[in-house]
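Below is one structure. I have some questions about it.
Letters A, B, C and D mark the chains as written, and numbering starts fresh at 1 in each.
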Amino acid sequence: MDYRTILEDIYKSVKSYSNVGKVADYIPELAKVNPDKFGICLNTIEGGVYEVGDYAERFSIQSISKVFALAMALSVKGETLWSRVGKEPSGTAFNSLVQLEVEHGIPRNPFINAGAMVVVDILLTSFENPAERFIGFLRALSGSENVVYNEQVARSERETAYLNAAIANLLKYHRNIECDVEEVLRLYFLTCSVEMNCRELAKAFLALADHAEPFRYAGIELTRSQIKRLNAIMQTCGFYDEAGEFSYLVGLPGKSGVGGGIAAICPMRYSVAVWSPRLNSKGNSVMGMKALEQLTTMTDESIF
Amino acid sequence: MDYRTILEDIYKSVKSYSNVGKVADYIPELAKVNPDKFGICLNTIEGGVYEVGDYAERFSIQSISKVFALAMALSVKGETLWSRVGKEPSGTAFNSLVQLEVEHGIPRNPFINAGAMVVVDILLTSFENPAERFIGFLRALSGSENVVYNEQVARSERETAYLNAAIANLLKYHRNIECDVEEVLRLYFLTCSVEMNCRELAKAFLALADHAEPFRYAGIELTRSQIKRLNAIMQTCGFYDEAGEFSYLVGLPGKSGVGGGIAAICPMRYSVAVWSPRLNSKGNSVMGMKALEQLTTMTDESIF
Amino acid sequence: MDYRTILEDIYKSVKSYSNVGKVADYIPELAKVNPDKFGICLNTIEGGVYEVGDYAERFSIQSISKVFALAMALSVKGETLWSRVGKEPSGTAFNSLVQLEVEHGIPRNPFINAGAMVVVDILLTSFENPAERFIGFLRALSGSENVVYNEQVARSERETAYLNAAIANLLKYHRNIECDVEEVLRLYFLTCSVEMNCRELAKAFLALADHAEPFRYAGIELTRSQIKRLNAIMQTCGFYDEAGEFSYLVGLPGKSGVGGGIAAICPMRYSVAVWSPRLNSKGNSVMGMKALEQLTTMTDESIF
Amino acid sequence: MDYRTILEDIYKSVKSYSNVGKVADYIPELAKVNPDKFGICLNTIEGGVYEVGDYAERFSIQSISKVFALAMALSVKGETLWSRVGKEPSGTAFNSLVQLEVEHGIPRNPFINAGAMVVVDILLTSFENPAERFIGFLRALSGSENVVYNEQVARSERETAYLNAAIANLLKYHRNIECDVEEVLRLYFLTCSVEMNCRELAKAFLALADHAEPFRYAGIELTRSQIKRLNAIMQTCGFYDEAGEFSYLVGLPGKSGVGGGIAAICPMRYSVAVWSPRLNSKGNSVMGMKALEQLTTMTDESIF
């Protein structure tokens, strides 16, 4: 069965979940999204592009941005990065302060909020214009100049971000943030506010799936080994406290965001981006997870 | 480079770590092992067998046995198994009571001690002669009748197992153990006491690597999907609170034991078993981890 | 207003709470108690004895026994006792394993279950016939030979005591129990099974209220300072995670038990024992707490 | 023995601890205090005033201010206050975020930092000029117009207060702070920055010791019952995670501050304030605690 047919089958079959879950509503900009949207795009390393549904509509990528931020930090810091952030799954909710306090300010991994803030702090101290470099990196990866920040979303997030402000202050207390707390929060929310569509996102992740090609985008370079390791971290930490569930059901390294997007890769085969705004209780897209579970079942292609 | 040359290169190069780490000494039977042993065996799905060092010497497989116990429980319970044990990484030490208390007696995954006890409880209620069935299953998998329990080790463990007895009682308190606490502990330690060598262990794990073949051993059957999912759980939970590290450095689903053994697989390519008794502070074999890191680097074959 | 009138007023007024709360039912012997019982007895240090209701009916004193066990351990160990058990309030439920694990086997105080087990372990290693010495001490304190163990209750408790067995094993793991785990659990439950009535209990606590008198009962001696300090521990730790509430509402050092009893003292004034089997969600007698709150309000006699 | 002689004896005897402990140095203003200072003042309810050492020198009262803030909040909110803050001892360090996260933003008691911030938030919403009302209240209590804020200390604290900012943000996240986070932090640190000497502090606490007198100071009124209950909270929660130790050794309701001050009361007998800047590992004054332990031993006057 070819990818096109598979995606079309998935499109039909995930409809039965179309009323399950709840759109993120902690800021008005996310709450007003049409909850019934569903789009998917798959890119093969041979150059095939397969798309179904609302694949061309942009959405807030939110935490998926943490993969790109980590790639940038890894490119400048290399293995020394891991003295400031762990690479173990968190075992607790993505925004837990408990772990951070118990482990003296070293976040479990770069994909929980605390870890991503440390990564953002590294971007701030490593790049001259980190916000410009970040968006430039995403444009190069996705081959699209239309990838932009949504500054209104970033502002809205910051205004209500008491929990994230608590986390940033706790990191600063433990001296694991060098810059000003406000500055870190501002760039953190800015990177989360990026809007992409499935097509752009799948293209951007193709660079992680195809590590036979040199990784060099807008001046950011990674070795083959670094890409594999970045994939490994997505695999164990990409889905908050549902990482095991995603690994079990889907079997691909990937990353989700509360905007309803999920991007994943099958190394040396394909990248895939899916978007559907309704989330399960763990903050992951219901139809997105179902779609990917079906994808690896139908293609019989997972990492296991 | 062929596997033989690679294993020989690894053998030479891991020697530089030969004094790092400490043999498990909480029972005399483990403490008296020669700490300088190192053996490795790799089986390809095409039938190749490559061996170096002390690959023929039997050692206590300890927690590696949890993979086999899970396979048996999965074969009889299917997906209903997951109502009694999670499949998320633990994020804390393998014997933590905190997680168990906070989550009301549902262990995080089947590879932490608490989870393995629930699995053993399922074996006790599902099989007529669970101890015989278990060892029979391992003999069928490894193709070796010489795989046996070390009852002296099992007794020694039980006598000093205050922490494990605490865990079992807490599970019973939360009604997640049906059988008698003592009975569960006895079978748990018996399964951990199995002795195998690298050759037998690599052979046994080949059945997990090669899921194109039907899995049917001594009456235990698993579907292809179940094998992949079992591999997924090894990937996210197989190394206690070093699962992320192993995934990052090695990139293979695997399971370690305090006897110094590690077994891992590269799906549809090979299985590998390595043994070296000195452990790092997380309880995983120092030279074993180094050997596997080198293996995936040199072969350029990992799941990522 | 004299004590008799006050007790009679209390008796009438607490009736309005007679349907609130739930009798402990984790063992059949406790579950079958008549939930509507209410008795109270107050002894002044001048020798006055005031009694109302079911003051002559014996009930299971349960955790109130921990005060007597602590008195015995303190008399033999003195201040060295505190190397094995803390004297800080627990801040979590009385049977929490979390605290014990985090603090490496040193229970927060001698009135949570873990702490009481350490105390019992001390009795086992310090006295020749600890069970006999304990009941003899209680008889001497209460002036009643009718104070006895209820061995059926003790047996019933032990049979279902999975959580307490978990605690005892964890203490043993941390080497904070010297004796055999089973032996500690047996004496622990035996001391909890003692049956006394309010008259006997009030008399026994009078020795803690009147520290002007020498404390010497059945060979157990305490200095005046030790009695005051024992009272201080009752004050801060006597009511599980409701110690602050009891201190706030009642303002007396005291100790409760799941049998529905509460014993308390007003230093150099009186001791009081109250019994009513219905418990609130924290495991303390509803009518008992109300009665004591009214007592200190009406007499205007508390420690604050 | 009269109080004067006792205080002089204490003065001599605590000298042996004069090198033990460490002055708080997290802000320069506290670090520069002469560590060898020691002052004590005791007021009896009959009007006696006894003073020794550096009793006339002002110091930063820090957390002792939380008692006064609580008194004000209690006077306006009464028992409804307790829906927003608990009255149980904390069982963990005074600035722990763990408890706050686990208990969904309800601080354990009004004397841990989180609880005091909730109290300050209440002052902000209940009084027109809360900062003026607070200092006016302290002046009325102490009978001294020289009691002032040290705004330099308040500013210094705020600048480095990452942990407290984390706490305040977490409270806001849980909607247990109504006002702006910055506003709460500002008043919180301002109240902590008050400078008093032992004479003023002992006088201020006399109003809590002598609850036979009507409590009415600068428009703040408390009933007799409220004063007793405030004393009860000091007793169980006044010394962070050393509350049990202080209760055990000293046996008085009291409150300490990192400036090295301790104020305590013996109900219907006396109030006492002691100051010595060197702190033990729990943040309480070494010589202060020793002095009070000796005081209750020598006077034989404690609440137990």
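What we mean here is this: a contact is a pair of C-beta atoms (placed from the backbone, for glycine too) under 8 Å apart; a residue touches a chain by one contact, two chains touch by 3 or more.
If you're wondering where the values come from, they're calculated on a predicted model, not measured in any experiment.
Trainee: Going by C-alpha centroids, which chain is farthest from chain B? Tell me that one.
Mentor: D
Trainee: Suppose each chain is reduced to the average of its Cα coordinates; what separation in Å results between chain B and chain D?
Mentor: 56
Trainee: Express in whole angstrom the distance between the two chain centres, defined as the mean CA positions of chain C and chain D.
Mentor: Result: the chain centres lie 32 Å from each other.
Trainee: So how far apart, in whole Å, are chain A and chain D when each is placed at the average of its C-alpha atoms?
Mentor: That pair's centroid distance is 48 Å.
Trainee: Check each residue of chain A and list the ones that touch at least two other chains.
Mentor: There are none in chain A.
Trainee: Which word fits how the chains touch one another: line, ring, star, complete or other?
Mentor: Ring.
Trainee: I'd like to see which chains touch which, written out pair by pair.
Mentor: In this structure, the chains touch in these pairs: A-B, A-D, B-C, C-D.
Trainee: Please name which positions on chain C make contact with chain D in the complex.
Mentor: The touching residues are 86-92, 99, 108-109, 225, 228-229, 231-233, 235-237, 241-245, 247-249, 251, 253, 267, 297, 302-304.
Trainee: Can you check the complex and tell me which residues of chain B touch chain C?
Mentor: 96-98, 101-102, 162-163, 165-167, 169-170, 172-173, 181
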